[in-house]
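See the structures that follow.
The same subunit A turns up in both complexes below, where it pairs with subunit B and then with subunit C.
For the complex of A and B:
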């Protein structure tokens, strides 16, 4: 049971990779990469979890057990990186479509200047 | 490489990677463990020393603010990257805006338009609230910045491309983006001069839970909010422009 969350993360990583391998559309490829990246959120938050803990916020309550704020901060970085990667890859997909008229990675074989 | 061969290679790699992952997972600390040495220290520093109610914000904008500086520049670089990737190519011409809009995005129902205009104010206010309370409650510059950047795009939903183009002087947001990123560095250098360390929190800390507490955390949040909102607007503007304006010559779709 304690391994379930981590195994879910591993599964997300592999299923995302599978999606990239069989992808027929560059936008689908980008989404699959996002699925891969989601596994890191699960790992990070899973490591930082403390049984019975709540959010590490002390504005109007003073909880006695809180989860680890360090990994949550790392997760924020993760989300930002994910968003920027999506933006850049979608821009690349758009240009590939404009240059070659297709978004199927299997048909993008020729190098053109 | 044929698709079948590719799948076979992937299958082999996936099985091996999966096995390695499971072995690695058994070495991780137990799920839900009460042993969080870094977390405990971070919470202690945030609440008892730096008077920051939101421990996550304290980690991001005070204890490890230098990492957030790097993160901010990742976003800044992505904006530049998108601008470069989606620049106008030689074969492209920009068509007249009016004609393009009529063809591509017909006006929505006027009731939809009124609703989106009403929501524009509410969403902007929510975004500002989330940015302004980043040191007190969950949220902060990144989250609030995304809300603010999205808010203006309600205009696109309600009024079409022409409305958003009018309400969005792009060069201004490019400047805001740079100001947000640059302001972070300036504040960091100010901390280095006064406090001896880059991004040292030298501002008065106040009392835990006050709106004016936590020193530099809220100021950095505001700068990040400015940068993120501008970045979202500039990036989405580029994509919208591709959709609504730029056509390749001779291939009318």
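For the complex of A and C:
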């Protein structure tokens, strides 16, 4: 079961990269980057999962098995970082559309050689 | 309060000031914003100088919030500062300070978010250099990355900067995600995130597939930032399009932090598991390819900033080769080379900024002979060009000869040849541009003969409505300060010994782990006297400078460089075509690079 999760994560990373390579639209490129990033959430949560574990909350009861809270904190940080980065990229894609009149990376030709 | 407790301050204060400026900056007059930025950067310079003084024979270890490890395990976050890390923090803050001084006159009207981004960039880079935690490295990596992407696209009203920022951002973020996957894998194996804890947990382990994969994935992100081939494509785009003062930070220190990150992760966390010769071979291969590709592409450029960008790539290759010897002299040599190179390269970028302000162009073909009136700038540019080749007593000379010596001592006798050729070609190209622009040497190419795409990007990058009639003193002063800094690296007595000591401390991963996890004091270093002023070093530098002059003079008369690519040999055309400016191509190369490094590290272990 956990193997499936890791395979999924690897698949997401690669398919996201494939998407960026063949992308014909900058918005699509940025979303593919989000797909790549999703693989990191999956792999982190997969690593922290414990069979039969509950949420790592210790206020009134002390459960015997809990999932790893550290990876959840990492995921949260990861989400915050990506939200910033993706917002910036989408803004840049908008600007690219304004300046170049296109969002097709194949037609952005101001940087060659 | 101890000095160790001050270590998080160098990250926290610039970020806090940046946040405050982001809120109130728009209501403040320009002079106040400039002043706040300069003061913060100056404070960071003072703090990092204090760290350097305090790390003469120890490391500073600070568990933030007092979350100290219990029996070697900790969920806390640690700053571990050794002399090399502190020196990098000093380089970061000094360059930010000088870039801000230059910016006071460079931009006629600057938005308050420029200062916000510069200070966030400062905080991110210092944090990356000083932290002792893998996940924090990722967070600081993305922090400096985000600031850098936004600074690259600072001129959002123009075509090329927007595209460059996107290329830069997508490739670097993807690198960062690959690193997170690697961090997750090593966390799965060891249950730790700190560099020291991971190193401790892997002690005596066997190098299996998981460990190799984790190492390769983690260093991928750092090497993307270091712009080693084939991850280097974003760098030329970003450097060519970012404002000149921002380029000084990119070229001077940001890319170097990538090399530093990779070396730090290896020496502390993985040195026990992955055998040294294996990793050394992988890094040397990558370094040599990077140096050669960078030098070749540098020679082919006529856009001055793009030329300097490729020269930076070539030099990063040399830094990586020197550091990859994993000897104190090699690491120390790389550190001295980095410092010397930072001053010179940053000064050259600022000279480009002056040219852009005066003539609204940074293309050597367009500028042919137009720089004659700028006498001071002429000499600054030519001296920088010679210093780039390793002219004594600049810091580049110290670093270059230490690096060459270290490679020879480790049995790589081709080392000096690579260093001489690469530094001669890149410096020769810079000198060629100088001869053309400032002296009008060589044939003047008509505008319509000038090749391709670079000439389309001739939009001035400043917000000056009218071009400057003269160069403001602040801008010239910034250039001279950078050159003096590089000179200081070369002439300060016993600096070679100090950097070799710092290198030895940097390489002693076991001692790093012991000091970070227990409160033990650092083990003393064996005193060793190192000097860069050897006969071979001077001879090789003379050779570099001579070759650079020959390259410069010969290529001012070669028409193929300025006159279309059709007569260039086909492999040169091929290598130019690879630099397509297409983000999809860059990502494809990134995957190729990961596979290549994995094969270099992994295959010999099976």
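Basically, the second predicted complex is superposed on the first by the 104 of 113 C-alpha atoms of A that agree within 3 Å, B and C clash if a C-alpha of one lies under 4 Å from a C-alpha of the other, contacts with A are read in each partner's own complex, and residues count from 1 in each chain.
The rule is short, and it goes like this: a contact is a pair of C-beta atoms (placed from the backbone, for glycine too) under 8 Å apart; a residue touches a chain by one contact, two chains touch by 3 or more.
Note that the coordinates shown come from a computational prediction; the quantities given were computed from them, not determined experimentally.
Participant: Mind working out whether A:27 is in touch with subunit B, subunit C, both or neither, as first, second, both or neither?
Facilitator: Neither: A:27 stays clear of subunit B and subunit C.
Participant: Under the stated touch criterion, which partner chain does A:72 make contact with: subunit B (first), subunit C (second), both, or neither?
Facilitator: first
Participant: After the superposition on A, what does A:105 contact: first (subunit B), second (subunit C), both or neither?
Facilitator: After superposition on chain A, A:105 lies in contact with subunit C alone.
Participant: Touch check for A:96: first (subunit B), second (subunit C), both, or neither?
Facilitator: It touches subunit C, and subunit B stays clear.
Participant: Identify the partner contact of A:8: answer first if only subunit B is touched, second if only subunit C is, both if each is, neither if none is.
Facilitator: Touch status of A:8: no partner.
Participant: Just checking: does A:51 make contact with subunit B only, subunit C only, both, or neither of them? Give me first, second, both or neither.
Facilitator: first
Participant: Between subunit B and subunit C, whom does A:59 touch in the aligned arrangement: first, second, both, or neither?
Facilitator: After superposition on chain A, A:59 lies in contact with subunit B alone.
Participant: With both complexes superposed on chain A, which partner does A:35 reach: first (subunit B), second (subunit C), both or neither?
Facilitator: Neither partner.
Participant: According to the stated criteria, A:88 is in contact with first (subunit B), second (subunit C), both, or neither; which is it?
Facilitator: In the superposition, A:88 touches subunit B and subunit C alike.
Participant: Identify the overlap between the subunit B-contacting and the subunit C-contacting residues of subunit A.
Facilitator: After superposing on chain A, subunit A residues 13, 17, 21-22, 47, 70-71, 77, 81, 84-85, 88, 92, 95, 106 contact both subunit B and subunit C.
Participant: Mind listing the subunit B positions that touch subunit A in their complex?
Facilitator: For this pair, the touching residues of subunit B are 3, 6-7, 10, 13-14, 17-18, 21-22, 25-26, 28-34, 36, 38-39, 42-43, 46-47, 53-56, 58-60, 64, 67-68, 71, 74-75, 77-78, 81-82, 85-86, 89, 136-138, 142, 208-209, 235, 238-239, 242, 248.
Participant: Using the touch rule from the top, collect the residues of subunit A that touch subunit B in their complex.
Facilitator: Answer in residue numbers: 2-3, 5-7, 10, 13-14, 17-18, 21-22, 46-51, 55-60, 65-73, 76-77, 79-81, 83-85, 87-88, 90-92, 94-95, 98, 106.
Participant: Can you check the complex and tell me which residues of subunit A touch subunit C?
Facilitator: 9, 13, 17, 20-23, 26, 29-30, 33, 36-37, 39-40, 43-44, 47, 70-71, 74, 77-78, 81, 84-85, 88-89, 92-93, 95-96, 99-100, 105-106, 108-113
Participant: Within their complex, state which residues of subunit C touch subunit A.
Facilitator: 75, 135, 139, 142, 145-146, 149-150, 153, 156-160, 162-167, 169-170, 173-174, 177-178, 180-181, 184-185, 187-188, 193, 237, 240-241, 300, 452-454, 456-457, 565, 576-577, 579-585, 587-588, 590-591
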